[in-house]
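To keep things simple, chains are lettered A, B, C, D and E as they appear, and every chain counts its residues starting from 1.
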Amino acid sequence: MANFVKGHFLITILATIAGLFVYFFLHLERSWEIVLVVGLAVLTMVVSRRKNLIARAQETCLQKPKFSISVFFVAAVAIIFALRSEHFALLMLTTVLLYITVCFGLTAQFGFVGLVNFAGIAFFGIGAYTTAVLYQYAAIPDFLIILASGLVAAVIGSILILPILRTKGHYAALITIAFGVLFRTFLEVNDTLGGPQGLKVDGISVFGLSFNENINLGLLGTGSSYVTYSILALVLCLVTFVFVRRMENSWVGLNMDMVRHDEIAAASFGIHPPSWKILAFTLGNFFAGLAGSIYASMSGFIAPASFNFADSLVLVSIVLLGGLGNVFSVIPAAFLVVVLPEKLQLIQEYRLLIFGIVVILILRFKPSGIMPRGARRYYPSLGVKK
Amino acid sequence: MSLLSVDRLTVSFGGLRALDEFSFSLSEGDFVGLIGPNGSGKTTFFNALTGIYKPQFGSVSVDGNDVTKASPQAMYEVGVTRTFQRLRLVPSLSVFDNLIVGSQRGLNTNLWWNIFKRAGLRKKVDEELSRCSDLLSQFNPRLVGTLLSPVSTLSMIDRRRIEVCRALISQPRILLLDEPSAGMTHEETRMLMEDLLTWKERSPSLAIVLIEHEMGVIDRVTNRCVVLNYGKKIAEGEYQIVSQDPLVKTAYLGEE
Amino acid sequence: MTPLLKIENTVSGYDEADVLAGVSLDVAEREITCLLGANGAGKTTLIRTLLGLNPIRSGKVFFKTTEITGWPTHEIVRLGITCVPEGRRVFPAMTVLENLRMGGYLNESKSDISERLDYAFTIFPKLKERVGQLAGTMSGGEQAMLTIARGLMGNPELIIFDEPSLGLSPLFVKENFRVIQEINGQGISVLLVEQNVRQTLAISHVGHVLAQGKIITSGNTETLRESDALKAAYFGG
Amino acid sequence: SDSSNKVKITFIGPLTGGVSAGGLGGRNSAELAVRLRNASGQSKYSYELVPLDDECKPNIGVQVATKASADPAVIAGVTHYCSAVAMGTVDIYHKFGLPVIVWGAVLPDITYANDYKEIHRVNGTMINQNEVAANFMVERGYKTWAVIHDTTDYGKGHNEYFSKSLSPLGGKILGTFAVNAEQQDFTAELTQIKRLNPDVIYFGGLAPTGVRIRAQMEKLAMDQVFQGTSGIVSDAFIEGAGDLAEGVLAFREGAPTEKLPGGAVFIEKYTEANFNEPPEAYGAFSFAAANLIMDAIEKVGPDRIAVMAELNATNDHDSIIGKISFDDHGQNTVAVITKYVIQDGKWVVWEDSSYAAGAKRLTR
Amino acid sequence: MDLGFLAQFFVNGLVLGVIYALVAVGFTLFFGVLDVIKFSHGDVLMLGAFTALATYLGLSDIGVAPGVALILVFVAGIAGMAFVGAIVCKFLVLPLRGAPQLNTLLITLMFGTVIRESVRLFYPSGSNPKPFPKLLPDNAFEFGNLTLRLDSCIIVLLGILAIIFTQLFIQKTKFGLAIRAVAQDEETARLMGVNFKTVVLLTFALGSALAAVGGISTGLYYQEINFAMGLMLGLIGFSSAVLGGLGSLYGAIAGGFLFAALQTVGAVWFAVPAYKDVFAFAVVIMLMAWRPTGLLAERNEERV
């Protein structure tokens, strides 16, 4: 009983600390404040690494997944409400949440089944463009538009399936690179989708609630229009998280791991590698499409220049910096990769330089990423000593 | 009708005929030794049989159904499992994960089920865990404790045992073992073979084909053996008889 | 006379655990020294440690009079040690011939290399038929032959064999033992690890038995054959 | 001035990436305006410039525009060099009610495709520029053109307005080549053009791409006149193209910085301030925009709505780029377009050049 | 189309192909030795060109003759980049050996960003394109519609020579064997007496030196360099190397020329030349589906 309470207590503390860090990271603008927050985060990391706290914390959360997810969700909602009138912080938060969603999909692709996808942003872009077009030409409910965007991304992705199934490793990577470059150039040259100028996108509205208006939060006063978007993104992120985690901790995840490690052994025991590759690839692209759709509505405007190869590399960086295959690790990595350069605006033209150096330093000290992947756990208490 | 029948199976790589019109048949309960000099085509035969290599010529049938061009997955479905000469376990995955892959046929890999029926999954995992423990405890009780540790922490010999267990866990009808005892001491080999024989007693219909270079083992455990040389069958029969064959002596045993 | 290779109190292991808990062992010049022990006793670990592939935690290693503790592998090898590693470690994407050439990487004499090549081919005629085949596509036993043949390409004073006959057919197991004796006859010292205790003892001059990370008994092969320690090491007695 | 009365103005432009030269020049100029104002001792407020980097990418632009707009302390902004980014952010400024003055982007749609009162622009649009360009070239007797433009808004817009202006005058475009701005090699396109053998190569794009095209014409021994747009009126072009820059023509709205009413002072102060980068072609516009904003704030106080109203009413306002008057769309109605030619490594106003005097001749 | 123009397209494509091939060979070398993708390669190429330019400016200040300057410019660029390559290898690539291979890609990618941003920020007005000195004789020969310039010919020749030199170096010395051995089995290679670190460092130095040759050639040919030039060249070089078949020097060369050909054809074929990249990359996807391990595929050594 005492242990039981201790676990819940620990998780709550953890969520609070993480929440505070995220809040201050997003909220603060002055240079010394940010340096302080980042410094504190690094210090916390170092100390907790000494005492193996991160692993222990992860373990505690793993044992009580439902409770931890609820607590972290509440913490996230709390952050959103705390930031309710800070448009920019919320915009960043939503962007991060959407990127995290895409990276969950990419984790399934390269972490689980071993397909390196360098066209992540292209599928994100396909989702965004689908949304833009559907708003213009189709009168269907908005949530269907989001769904359709995901589907279109998945379907367009399937034209790559044949070449991807035939190739492996770097060769498959080249195919996705080629697709990414091709997609972006195509958009830019082709005028029917707005050409280089891009397209305007309407905001989502569901049941008369327009996501682009500031909202009334009752006692909390009016909130930024981004509050609604960030909550939507949070929900999407959470759903994909649970989905991908459950997938990992199941026979599906097992089969995907086998396919990544040894296709011949896998085949000899009845696993059909192409099916799993197709599943992971399509699913990942679907997630990217969903996220892209919300992103398009939120930013109200999309253009080919937003879907560069460089942006795909940002996504890849998140997945790798976190720790390949570890679903959790995507979250801190995304905050670092997406928000840090923005916070570095203070140093203006030096920001990309500093950002590059920061990532190099992280990898030098943690070559396998911030949080390397752990063992599969089919259910929470598996292997826990009573 | 024999369980497995192979007719003039031929596999070549470029100009090299690794398996040359090899015919062979196997009945339920057989324990056959497959021997022959290095490079005589033993492993190639396993590969052709399990659908990894496509034969250029000849046919294979199981229960009278033609499976010559069948995929590895289909061969597994028919009940043919194997071990690999070079182990093909995934070192970073747990012993349990490695083992349970062998049980693929019994696993529900439907995405929906796996994501939403967690209680069912949990029950199944517990069942499989105890099945794996039982199996491991037959081969080496010490291994039961390592069920959830990565295979990379195990010694080579234990890995070989796990590879054998992975092939057994799906209750195959035909088991193909490719030098399972390589690197084991005499004593360890003996124990492994005892364990296999015990298993076989419990499922008498299981047919086993064993590749092995240790003649003592072949003599002790098999009831028949087939000798390959340059991809061709040069002898077949009980070991005591085959080993007297002058061809076998010069080509393989190195006795005059 | 100083031994060719001298290992003193070596401690080594993986991660936290020590596998070797202070091993001392000599390999005398022109002799075949065998190292016996059950699976997992640490024979391979010892070899890797003395060759600098595993970091040594404490202890010393001498080759002739030079202390080589902590030297990088390629420099140790340069002193005149060749190793036939455990587990058929061929270069899979190289042809048989290229693999053999790698064996002679340190051998500067072209004529010596071609002589040795001929020698390797007479022992393993199969390799000659397959000079152009990619080593990775060869059968298990063929790969074993190739690692042995590759080990014969250099010009060493000491050859270390780690379970060379694993996966070889009976004919070649015999052949292999014969070759080891032949090499030794040319004045090259041999450190041999094999599971085949009987045949190993038959060709060795001196033997050591490794168990629980220590040498539990050493001596000439006649006495070893009868030793209880040997049996204990293998049968866990 | 009362230093506790801090007022923030944002500057947004590309500070990193391929066209950062223009962005940094603009940033420095705005910075200079703020510094001079604070140092003048006559202002009611103490100003602070908040420079933000849009990387010339719309998605980043939307982010930083939100950042600036959402900060209530920011009263107005000097924003955007890249047209694509400006197109993406106008809605944001409108949504948050942040008055901004565009200082470099030239696509007409930025001001004309909406009715947002927040959006103003001190520099002219590409329409005026191309009308003058077409007239001038046809008068010189050129008859045939090949157009190369990059696939950005900027390049495509120029292509559109130039061909529109040219056809009534009887000039003929023999071929149009859309190219990527990041492209390095243009020999294939240029060989095509060589086949068409036009009198002039019109290039709609920015300096880095322009430099490459000009340099590669040389590879193919092409002697066409190279006619650029405002995007190449930059020291970067001359520096990059070296000797080959000689005789290149380009057109830009507004008078050259040194000929501006306050141009000499601007250049002097800029030099004094010791920035690492030159002001580039649009630095003066950025300087003027920043001053226009500060003037408005001085007058009506640091309040967005009041400042917006004040800006909308701008008429005949003196600035270093001449009188500024905004039309209904917030577009400065400066009609003056300057024709430039590169002579002896400098951008020279056509009328002052040896070419106009007849001492030098263009290649064709 | 008249023959002169056809020849012109061919010549253009040839120069482009040589430059791509030089970059691709570098990728193949890194891949061959460590199975890693080094994404900073394009930026190293750019840095090589800038090093050469800075050297030239320094030399012309003290009045060195152009011929001598040309040689010194190459020496400086090549030596500088070889050094940078070795540094990258020592401090960024080797320490990451235990980690997932893709992490090497990430760290080199970031290093590329650091190089690029550093040049932009710290080279005097580095964000602007820079004219590259005309160090080669620029006599032009007109054959009808074909303009053949001496400098283009020299650059093609130079590139081919550099590639042949690399090829010979790798084939005729034990070094090539050692590179492959290290890639396939590091430990066993060490047992054979190969100095692993030296081999890897040298390979990276060699690959980066080739990038410098590529960068300087680009400068000499286009007479212009800029801090962002490595981005596209790196991407295309990588694509060429993979297209040709990783690990094969000839494959890299074939890939480079093929890519140049595709772009040239694309530019001629389409009314909108910007489609040429769409075309080239679409063809790449199809070629990969047809030959999954590249045009000159490695022989498959995997067995069961």
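Following the convention adopted for this analysis, a residue touches a chain if its C-beta (ideal position, glycine included) is under 8 Å from a C-beta of that chain, and two chains touch if they have at least 3 such contacts.
Worth saying up front: this structure is predicted, and the values here are computed from it rather than measured.
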Chain D reached from chain C - shortest hop count over touching chains: 2
From chain B, the most remote chain by mean C-alpha position: D
Distance between the centres, which are taken as Cα means, of chain C and chain A, whole angstrom: 51
CA centroid of chain A to CA centroid of chain D, Å: 37
For chain B paired with chain E, centre-to-centre distance based on mean C-alpha positions, whole Å: 49
Distance from chain E to chain C - Cα centre to Cα centre, in angstrom: 43
Contacts with two or more other chains, residues of chain E listed in rising order: 117, 272, 274, 277, 304
Where chain C touches two or more other chains at once, by residue number: 137-138
Junction residues of chain A, two or more chains touched: 185, 188-189, 264, 349, 352
List of chain C residues in touch with chain B within their complex: 38-40, 88, 126, 137-142, 144-145, 163, 166-175, 195, 197, 234-235
Contact footprint of chain E on chain C as seen in their complex: 51, 53, 72-74, 77-78, 83, 85, 89-94, 98, 101-103, 105-106, 134-138, 150, 154
Chain A to chain D touching residues, read off their complex: 86-88, 91-92, 95, 185, 188-189, 195-198, 200, 212, 224, 299-303, 305-306, 308, 311, 342, 345, 348-349, 351-352
Touching residues on chain E, where the partner in the complex is chain D: 1, 5, 8-9, 12-13, 15-16, 117, 120, 125, 127-131, 140, 142, 145, 147, 149, 152, 218, 221-224, 226, 228-229, 231-233, 263-264, 267-268, 272-274, 276-277
Complex contact set, residues of chain B against chain A: 50-52, 71-73, 75-77, 81-82, 84, 88-90, 92-94, 97, 100-102, 104-105, 107-109, 111, 114-115, 118, 121-122, 125, 148, 150, 166, 170
